[in-house]
Amino acid sequence: MVSLECDYNNGACDQILQRLLETNRERLPGYGTDKYSLAAKEKIRSACGCKDAEVEFLAGGTQTNAVVISSLLRDHEGAVSATTGHINQHEAGSVEYTGHKILELPGIHGKLSADVLRDYLLQFHSDPNREHMVWPGLVYVSHPTEYGTLYTKSELSSISAVCKGYGIPLYLDGARLGYGLMSRDTDLALQDIASLCDVFYIGGTKVGALCGEAVVFSGIRKPMHFTNAVKKRGALLAKGRLVGLQFDTLFTDDLYFRLGEHGIRMAERMKNILRDRKIPFFLETPTNQQFILLEDGQLATLSEQVSFSYWEKADEEHTVIRLATSWATTEDELEALRKALVF
Amino acid sequence: MVSLECDYNNGACDQILQRLLETNRERLPGYGTDKYSLAAKEKIRSACGCKDAEVEFLAGGTQTNAVVISSLLRDHEGAVSATTGHINQHEAGSVEYTGHKILELPGIHGKLSADVLRDYLLQFHSDPNREHMVWPGLVYVSHPTEYGTLYTKSELSSISAVCKGYGIPLYLDGARLGYGLMSRDTDLALQDIASLCDVFYIGGTKVGALCGEAVVFSGIRKPMHFTNAVKKRGALLAKGRLVGLQFDTLFTDDLYFRLGEHGIRMAERMKNILRDRKIPFFLETPTNQQFILLEDGQLATLSEQVSFSYWEKADEEHTVIRLATSWATTEDELEALRKALVF
Amino acid sequence: MVSLECDYNNGACDQILQRLLETNRERLPGYGTDKYSLAAKEKIRSACGCKDAEVEFLAGGTQTNAVVISSLLRDHEGAVSATTGHINQHEAGSVEYTGHKILELPGIHGKLSADVLRDYLLQFHSDPNREHMVWPGLVYVSHPTEYGTLYTKSELSSISAVCKGYGIPLYLDGARLGYGLMSRDTDLALQDIASLCDVFYIGGTKVGALCGEAVVFSGIRKPMHFTNAVKKRGALLAKGRLVGLQFDTLFTDDLYFRLGEHGIRMAERMKNILRDRKIPFFLETPTNQQFILLEDGQLATLSEQVSFSYWEKADEEHTVIRLATSWATTEDELEALRKALVF
Amino acid sequence: MVSLECDYNNGACDQILQRLLETNRERLPGYGTDKYSLAAKEKIRSACGCKDAEVEFLAGGTQTNAVVISSLLRDHEGAVSATTGHINQHEAGSVEYTGHKILELPGIHGKLSADVLRDYLLQFHSDPNREHMVWPGLVYVSHPTEYGTLYTKSELSSISAVCKGYGIPLYLDGARLGYGLMSRDTDLALQDIASLCDVFYIGGTKVGALCGEAVVFSGIRKPMHFTNAVKKRGALLAKGRLVGLQFDTLFTDDLYFRLGEHGIRMAERMKNILRDRKIPFFLETPTNQQFILLEDGQLATLSEQVSFSYWEKADEEHTVIRLATSWATTEDELEALRKALVF
């Protein structure tokens, strides 16, 4: 069985396991105050070109979104998101669980547009009833999006400018950031993201780590008593070294970027295979997730040899599925996919 | 100045004030256990044709929505609503404050359609990722809607059938129910609503009372420990008699319906005046709220003599405003409106 | 049956009903922006000797406590209260429902002591683990307390000084403030309270109103977007005039104080009756609540003629009950009590 | 420097790292559905002697407490805990963050007594005002407690019987369960705990794992849609294998118990050293945490060579500190402690 259903069906990259072994017997203080966590923060600041950024580590993506969003929003505020945003669709209502509304705006292929955002904010702030409404207090974007698409530097700059104009922080969910940064069709570097966003997270779970995400407050200060907020939300790891060491490793010798690059190289190869096999794309993307359209008979056949993700029904007889590569995908796996794509 | 900006710019109907005076010196137990509250519940059950219904009183509409929805939803559930639903737009995120998501569906002129609802539920329940999503656990409709429109018996029956098919309670927000019931274009009686909905509220604040809404659990049992839930949400009035007595009065001698009928009669007269004056309707409705389109110059002129509600900008030069009648609107007020509508 | 079980078993004072009648037909804007609400705020500021205070109206005590406390606390903070505090015992967990802990300290007869508070704060702020703990972010006291007791000016000054020393707002729950202010054994005037506390509420429900409490921010600014916070918590009355007009009346011609004085005069008379009848006090208080100790046989006898509140079991054969007077208690009622107290 | 400040200053036991290496390249499904998680659940059920138990894995202790407690409590309920309970003191209000109160009862050396619990429940259920109060809906105990103490089988049986009598689930926090089970002064085996408690967790973080706790529902069913509840609270790990594999390892060949036994052996040796050095115990315990009393001069001296945890000030000149052993403590470390304990 070839596993292409997601980018977290693997363990960690070898370098991470090696360093876990090497440092295992050290006595280190807890809760992220260990030297590896501190070193990792410094390396991330450096990679972001943002020497004053504050960096914090959390265990997973949904947790990170809920902790960051709920600790930044004020009582009367909610988070603006594209309807398709992960926080709005696939996080089980974890933002609302913290007492805050998600303010949905229509997106295109997962992306929010600066124009739609600007119109909404203009309308909101001219509404005489706004004191009875949830105020937009943060803008959430994902990059890559849930559909594998990417913002251009121009697009993200426009969104950033709108946010700055209204004094609203821009937050970027980088669960798969490594693949976005190494896409062959992007002009957005990590330093651009750090500069355009107020806060964002660099995803580890899907890019080489066992678990862990690095939150970077590059444009605003982290909330006061952030450790307390993390603890209160059940998200503080006693052995913070576990995530700190992983990010220290990922940001040594550009490992994070090399892992992302591998995932992209595998994705490009997979796209070629799909094209060779004349499989119609529902959405062909510049990152590690590809969405294809299969007849339901093909779907059944494929499912005997390949694990994939169901995405949505296209019509009575067709289904959209997602195939994802990752830092761990092998050429053998893609060859097996090629062989399985004979209907 | 003529006040037509809303239906809560008045006091209470005379009968209510009279009975407050008459009963003022009585010593009565608190928290809604007084005899007037009990009598009111019985009268409401009778009017609903639902002798087993449980009735509870709360102070206001947003409070009622939040208490009812949050005490009915289970942990993994959210409330389905049209995008324009009052809970989704103008209640400051009070449902989300209780930790539950509102699941938006597109509506038409404020109304949810059974087809849209059915498609959504079908898709949700066939989604393999649904354990990571918020489950639809209640369907919210308002009647009249925020746009003054009404469901037909056939439409509400279809929605009710979809809900029953999925075992999801149907909840109707009747903030302006009196006007809906007495509309000249409705085939939905109170008993129909009690029969088709699982729970709904009969609005008092906008139909003759100083404050107060009556929640009717007609199709399901009220949640266990409901008094505790009300107290926990800060919504338990010590002098429950205040709301109980008002509803006892409103449901004596059909007063609630007569007040609604007055509001509708005034609305019909107002519509005639608007038509006479050739004022274009943005939305002409069968209830007590009318939405008209004015040039911004007209708007400025009108605002010197008439209080109205800003609704939305129509385009660069036009604005939509709302004019509302109520149980308290007088013919003199409408004549003054007529005079003011000369541009 | 004589009703002495509580101080909210009555309607409103005559003056309030009279003014409701007089103003009933006026068209007034909603949500507390009407002229009566504005006038009431001004009168309260004046009575408090605090011309810059911000005043807001809410419907009931539990609601007021939850709204004020949750909108003042920051994410990492909780509210300090005596164990016996109403918020900690009899509000169904409404503060915790907003996501904040109540930090219990032992009290004496309902009162918190400055020494206990100071020791706790000193210990907390020297605890190296405090980032894993809930920070004291507000101090809650009630006056009169749940046991009818009162702080002296010296005691409240000491608590206030401790709070100021730590930069923590002091909040006073004045559900029965009228009785406290008019007690014959108090040296705390309303202006003292306004000066010593940062925020407090003047209880209307138990002192002459149908419903309503007036929150006074005398030492700190009210939170930004407070109307939104009130709305979000389901506590915004559409017809804000209902509470505003009541407080406008209560603070005209010292009515609030005269009502309190009546309740105290009746309480003093009741204490005399209890002493005459040789009924042992569990707690004799300077306000309108008295706690007496009855043999269970006496209890049964009394309950045939008098309504009282069960307080707690004293031992196998004795029970503590509460008798409360109010602004509405009559001499006839007390005479009936005297007659019933024959065992 | 000798690190005895806590039991989570280490990495993982060798066997866990070895298995992470061995399985690293396997493609496994996410969210705890992998074969190692399933195998671990089976082994835990077997070790608990409870073949129908449901087992779930979470990342850390505070998270586990908040997820379990908030998903078991109903709207009107809170969790009963000793005042010293970890959830009540050192989890930053994470239970209250979910909207539920902690109902404090006095404990002795961290332990709740069945008598105190029974009296409280009896009093609560006879209180006529209980609908205005938070209902006890779960009893929380920790074993070992925060003070290193242990319940006897008789004590836990009594608490269990009280809980059963009131139909309230008993939940045991086993953050350090391995040390409790292997104490030389315990008669409580894992199977006893599974039998007496309704739900409990077996702590991994402090007993050999990098992270992770295993929740065992032995006496009640796990809540419906538990995965959704976990996701909603930000606690669902994408790579569930990380915790599953660790517990699979810990429950192979009694490793968990052997690790616990080592921690206890080291603790006994440390106690001997402390006694040899005539260091007064503040609390000598049967588990891996020991509390000693030092003069502040001694404290300063010791802190140059030994890391310990500040516990509390004993008086002006003395301080209580905690020294903890763990599965990773070495004899060399204890010898270094011995050498450092010369004042």
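For clarity, chains are labelled A, B, C and D in written order, and residue numbers in each chain start from 1.
Throughout what follows, a residue touches a chain if its C-beta (ideal position, glycine included) is under 8 Å from a C-beta of that chain, and two chains touch if they have at least 3 such contacts.
The structure displayed is predicted, hence computed values, not measured ones.
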| item | value |
| --- | --- |
| Distance-maximising chain from subunit C - centres being C-alpha averages | A |
| Between A-D and A-C, the pair with more C-beta contacts | A-D |
| Distance between chain centroids, defined by C-alpha means - subunit C, subunit D (Å) | 41 |
| Distance from subunit C to subunit A - Cα centre to Cα centre, in angstrom | 50 |
| Whole-Å separation of chain centres (CA-atom averages), subunit A against subunit D | 33 |
| Residues of subunit B engaged with two or more neighbouring chains | 76, 91-93, 97, 99, 131-132, 228, 231-232, 236 |
| Subunit A - residues contacting subunit D, complex | 1, 3, 5-6, 8-12, 14, 17, 20-21, 23-30, 59-67, 91-94, 97, 205-206, 210-211, 228, 231-239, 241-242, 307, 328 |
| Footprint of subunit A on subunit C - complex, ascending | 71, 74-76, 99, 131-132, 135, 223-225, 227-229, 231-232, 236 |
| Subunit D residues within the subunit C interface of the complex | 76, 78, 89-93, 96-102, 104, 123, 126-129, 131-134, 310, 312-313 |
